[in-house]
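Each of the next two complexes has chain A plus one other chain: chain B in the first, chain C in the second.
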Partner chain A sequence: MSARAVWEEEPTPVGRFGKPVVLALIALAVAFPLYVVVVTSLSTTEAVTRAGGLVVVPRELTLAAYVQLLSGGVVTKALLISVGITVIGTAFSLGITVLAAYGLSRPGSLFHRPLLFIVLLTFLFGPGIIPSYLVVNALGLIDHYASLILPAAISAFNLIVMRSFFMGIPSELIDSARIDGAGEFAILRRIVLPLSKAVVAVVGLFYAVGYWNAFFNALLYINDNSKWPLQMVLRTYIVQQQPLPTGAGGVATGIAGLSPAPGLAIKMAIVVIAIVPVLLVYPFIQRHFQKGVIIGAVKG
Partner chain B sequence: MTGPVIGGTSRRTFISLLGVGAAAAAGGATLTGCSNGGSGSSTTGRAETEDKLSGLLPKYTPYESVKPDLPGENGASPGFSHYPSELRRAVPDKMVPSGKEVTAMTPLWSPIPPLAGNSYFEANNERIGAPVKFNILNGNDYGDKLGPILAAGNIPELLCIPGWNISSLTRFGQAADKLFEDLTPHLAGDKVSAYPMLANLPTRAWAYGVWNSQLKAVPFPSEGFPWMMMYRKDILDQLGAEPPKSADDLLALGKQLTDAKAGRWAFGSVADEVHRAFGAPGGWIKDPSGKLVNKIETPQFEEAVAFIRRLFQSGYVHPEVVANAGADENALFEGGKFLIRQNGTGGWHESLQRQQTVNPKFNPQPVMPFAHDGGTPITWAGDPAGIFTFVKKGLGEERVKELLGVLNYTAAPFGTEEYVLYNYGVEGKHYTKQPSGAPKLTALGQKEVSQTYIFLGGRPTAITESEYPGYVESMSAWQNTAAKVREKNLFDGIRVEQPAKMAALNQPFDDALQDIYRGRKPVSELKTAVKQWQDNGGNEGRDFYAKVLSDNGR
Partner chain C sequence: MTFRHRLRRDWPLLVMVLPVVVLLGVFHYFPTLGNVIAFQDYSPYAGIRGSEFIGFGNFQRMFAEPAFWKAVANTVSITAVQLAFFFPIPIALALLLNSVLSSKLRNLIQGVVYLPHFFSWVLVVSLFQQMIGGAGLLAQTLRDHGHQAIDLMTKPDTFILLVTAQAVWKDAGWGMIVFLAALSTISPELYESAAADGANRWRRLWHITLPGLRPVIVLLLILRLGDALTVGFEQFILQRSAVGGGAAEVLDTYVYYQGLLVGDFGYGAAAGLFKGVVGLVLVLVANRFAHMVGEQGVYSKS
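After this line comes the complex of A and B, so read on.
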């Protein structure tokens, strides 16, 4: 027979049909839990009770959980705060990360090795909760939105990713720009950044998702409940119900109308609300994302 | 520990006053009983004893707003089978004359309410005489914030600290000294008479508010039943089954109730209740030689573990509970997916509240405490207070008085105007009265009312939810039965902060236990796990607890 390599052969029927089946199963494994979350969030309390938890077969759909969540005013305000922090924080983080990465990617810039070393050090050693709190407290940032952005404004990982991308830009391009009289800022703006859209998009997404999902910094630094971002507010809905420590200890825990722990539908609605923004943004930068994540993985 | 011994007051008088506390407070770790009460732990371990504290403690002056028709005996909570038609005004004057804003930090286990323009808060603040500015935190995250703010000394005027959070705070005793006001000069003995609602708190609970021989905190009294076993009476009746009275009954019920095809199993989590039924103690006991023996070292415990394993192996436990020891059992129990479980006592009426409109037939009832052989059972004893409110130090005498006034307001018991106001808001606005007399929140109430004030200080325990027919009577009967057979706690009246090293052993031991139940490890592994527990700090813990006892002359 012919001496064709294995991969040049016609796929066997098993291979031809097996592959889509396996892929479909994998896709299903990812999509099914999401589907259950959405269906449960749209179910009535009766349906949740009958199912004894998560609802798989939809019956009696209702938007009640979403209405309840979004009608109080607390969640909507927190949503605005979260969007604000995410937008401003991402812009700020991206800005200083680009500047720092560019500076550190140019050989010969001032103190570039010790600075890089310090950045890498934060990879290995975190500051710990209490010292971080003491610093933020001493800076007078408690209860300021800045406390949600400044302490984690630069991520060492993102900085390194961006720096290595910048280092891959051919120095001839930069040199020619310099011959044409461009300064460092002009080079960054007109040569380096236009060539780095992919990495900027990826790092921007990392930052944005980070800001969007962050709750612990708000837990520590924000005392004023009206300044809470979305994730903090949503957390109060999903706390694993504990029987109140006191039991019936002189406390009216079962007040009619006051739900001691929100139903599963609400918890699932929260999951949906929390992931929707990321789902909305992702398709627009997906193109860059595919290119971006393999940065540094392969040469060329 | 070195409190002045002011003689005269007999310990007996204290003991008769109240039951014991919710060790289960920390949220259902199987081993909570091991910690001998859940009042917390510290790096080296500490203890404060009621016997030696009588000079510090406020004089108990009962305040009866309504007479309970189902009295609580032996430390069980009193039961009120209906809501009073007339409310007493317990706090006639505004307690904060200066009107200066009071800052407070409290945990909350429900969705956060709107804080700005909230008329429920405004109504309460109006009565208090000053706005209380709450920093509310999700109760499960609460401990994460306590460490940093205590380290920085950046605390509000009133700080609520649950006992179980103290375990993760290193050198809490030192922090308490530095940051919290000594309340002794304001409250000891007759001085408490300026705050009649605080004088109405049980002395045993106050004893738990002492740190470094100073009265440091206003306690949140608890009734102290770590667990109760619940069953679905509506479904058991349908199936012609009776609640269990022995271990054999449990096995028989397992067989009778489990019907995997119908999606129904007999049991959710029942481990702690089975340990108890087999006679394992809640914490430490003394063997005949006087040596301390922990619950997990007793033969009863070993027997119970083998029995629980049988329940699992026979397939009587709901698969979701088998797969995940931390499964959310409320939905499964309320949906009738399994019929018998253990829960904290507060879980009962909360489930009634969730289900009353959804499933009117839903009828969970408590299983009366039973012993494995059908003999006389024991029940476990916990702490008389589990949550504490501290006052910031250095605010000046006048301000401390005002803050204690706020705590006096939030200590108003069932049957007072204040209790209704801080629990439900204003009648006609935040709630309306149902035919049963029980308050029902209006739409505005649902939006605004939140359990925030209740975490400032505390109030005597009571069984009050008479809007659920039969609930108060049944709960009162159960508590009275359970209180009658409550085991004598060696450390009764001593708030012991468990050494951190010992507290850290609970999780690995519990993991091993869960594996044994589920058949992933043989029963013989229990011996290994107990040995590891002993070697890694259990024995040290034993010495520590023995010293606490000998220091207290027991």
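After this line comes the complex of A and C, so read on.
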């Protein structure tokens, strides 16, 4: 708790009472929808019926919806696909971003300026939806999981953030390693990366969240709905409110010993499943905000 | 140093940059060149080489098309509404949060308001639907109390306010970061000496805080104006069927529907290219303007 400076006025009554109220309302606006969705996803048929829809006051809670969704069927498959894309995509993106960020971190190296220009120029314009589609199509990547990774693999922003961090590493460290006979790859692995854990973590988490949330590329490039990632499933069954397929290939029904979960709880459970991974990594991202990694990068 | 000497020294660095250059080449620069189909009567079977060049035919057709201008008008109105109702909110939020003395409380609130930035648009639209849609909590509560239920998710008239509210919910907290960073660079001594000179809190806000934020505000305004034709694609494609194309068609969704779904690739590429070129011009003009009013802008000739 930092104290008020001596030269500052006493807070006015409006400031003293209004401020906490406003802050609480803002926090509530974010938290309340999440709370309602979670509670409804855990509710029984009776609870949903009595509430007439979404449940605000939790009563009988059950995991039936999650058991149903995760015991095979559309959502289980989409979840596995999304996890796979996120893990593989993040590893790939992070790998090439680290390499390129280091490769571009030495002003005066061969082709340094033109290569940097190639990266920076991508900020100014995008290639457009139609030509991108035609290229992905020509490469035979339609309905291929690679179409969810390769076109979106590089974020120029992440690359520049990492590059500026690498450039801040004292050059004496790098020079002395070079005098000891270390090559560039060895310097990157033994000197630069151990000093850059925070920025690598943040950029990795940014990529991971991006892959997890990606919906547009799947909409464009994945026609085969058995290959849909979770966000496409969310869009089809929640936003567009199409009925979930049941039985074979759909939501498994009638798990032994559990009464079937209400449809609304199932839907809300899909929403929760899409949120949970973001909530899990969020504290890590947040910790690095406070270290100023991102703020420093935003300031440039 | 000779070229060969530098090559021998720097080749590992070039190898490291290579994968990124290849990917940008294949998925950014090569498709950019592919925009030539905007000047073709493009047929996927004939390909770029086999398709006939028709000059500005696609553009002529597009400029004569009311649906195209409707999409332009929708896009520009949404940008205007967001400039008025979205843009000031992160600034206000940053000022509010900056005035909170307890750093614990500050971190807590920051943690909460940044969070929705990391949600996908699918998720944000789903949550809004559950709160204020036809089967959502608001409608449910109204019905329980004997009122007529309303569905705010399917009304074309208020769609522009809906998408702005969604954007605020998702990104206002995140937008605050930059302003908080700028606020932290303003020297406390300025405030102290202003207070010693008798300036009250509002005068300090006007004469110290806002001038301190000015470069960031100008920079972000430029970026937003340069991006005037980009209002987000996913948010609109997700809700277009619920409110109809009349309100929800923006330039990007127009390209998607007219180009990809209809299969009129040359025409769609023309609409996309129009957006890209106008966007580029807007960025350059806005940046020039920033230099004229004495601000740094996004980039400068080095």
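Just so we're on the same page, the second predicted complex is superposed on the first by the 199 of 300 C-alpha atoms of A that agree within 3 Å, B and C clash if a C-alpha of one lies under 4 Å from a C-alpha of the other, contacts with A are read in each partner's own complex, and residues count from 1 in each chain.
Quick note on the criterion: a contact is a pair of C-beta atoms (placed from the backbone, for glycine too) under 8 Å apart; a residue touches a chain by one contact, two chains touch by 3 or more.
Keep in mind the model is a prediction, meaning the values are calculated, not measured.
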{"item": "Chain B versus chain C as contact partner of A:235, first or second or both or neither", "value": "both"}
{"item": "Touched partner set for A:130, first chain B, second chain C, both or neither", "value": "both"}
{"item": "First, second, both or neither for A:58, with chain B first and chain C second", "value": "neither"}
{"item": "Which superposed partner A:140 touches (first chain B, second chain C, both, neither)", "value": "neither"}
{"item": "First, second, both or neither for A:72, with chain B first and chain C second", "value": "first"}
{"item": "Partner chain(s) touched by A:224 [first = chain B, second = chain C, both, neither]", "value": "first"}
{"item": "Touching partner for A:271 - first (chain B), second (chain C), both, neither", "value": "second"}
{"item": "Partner touching more residues of chain A, whether chain B or chain C", "value": "C"}
{"item": "Intersection of the chain A residues that touch chain B with those that touch chain C", "value": "51-53, 129-130, 132-134, 137, 216, 219-220, 235, 239-240"}
{"item": "Complex interface listing, chain C residues touching chain A", "value": "3, 6-7, 9-17, 19-21, 23-24, 26-35, 37, 44, 93, 96-97, 99-105, 107-116, 118-123, 125-131, 135-137, 140, 143-144, 169, 173, 177-178, 180-182, 188, 191-192, 195-196, 200-201, 233-234, 237-239, 241, 252, 255-256, 259-260, 265, 268-269, 272-273, 275-276, 279-280, 283"}
{"item": "Residues of chain B touching chain A in the complex", "value": "22, 24-25, 27-28, 77, 105, 108-116, 134-141, 144-145, 147-149, 151-152, 154, 156, 162, 164, 220-223, 225, 263, 320, 326, 328, 330-332, 334-337, 343-347, 349-350, 352-355, 358-359, 386-387, 413-414, 423-424, 431, 434, 438-442, 445-447, 449-451, 454, 458-465, 467-468, 475"}
{"item": "List of chain A residues in touch with chain B within their complex", "value": "45-46, 48-53, 72-74, 129-130, 132-134, 137, 142, 216, 219-220, 223-226, 228, 232-233, 235-237, 239-264"}
{"item": "In the complex, chain A residues that touch chain C", "value": "1-5, 7-9, 15, 19, 22-23, 26-27, 29-31, 33-34, 36-37, 51-54, 56, 96-97, 99-100, 102-104, 106, 109-111, 115, 118-119, 122, 124-137, 139, 150-151, 153-154, 159, 183-185, 188, 209, 212-216, 219-220, 231, 234-235, 238-240, 268, 271, 274-275, 278-279, 282, 285-286, 289-290, 294-295, 298-299"}
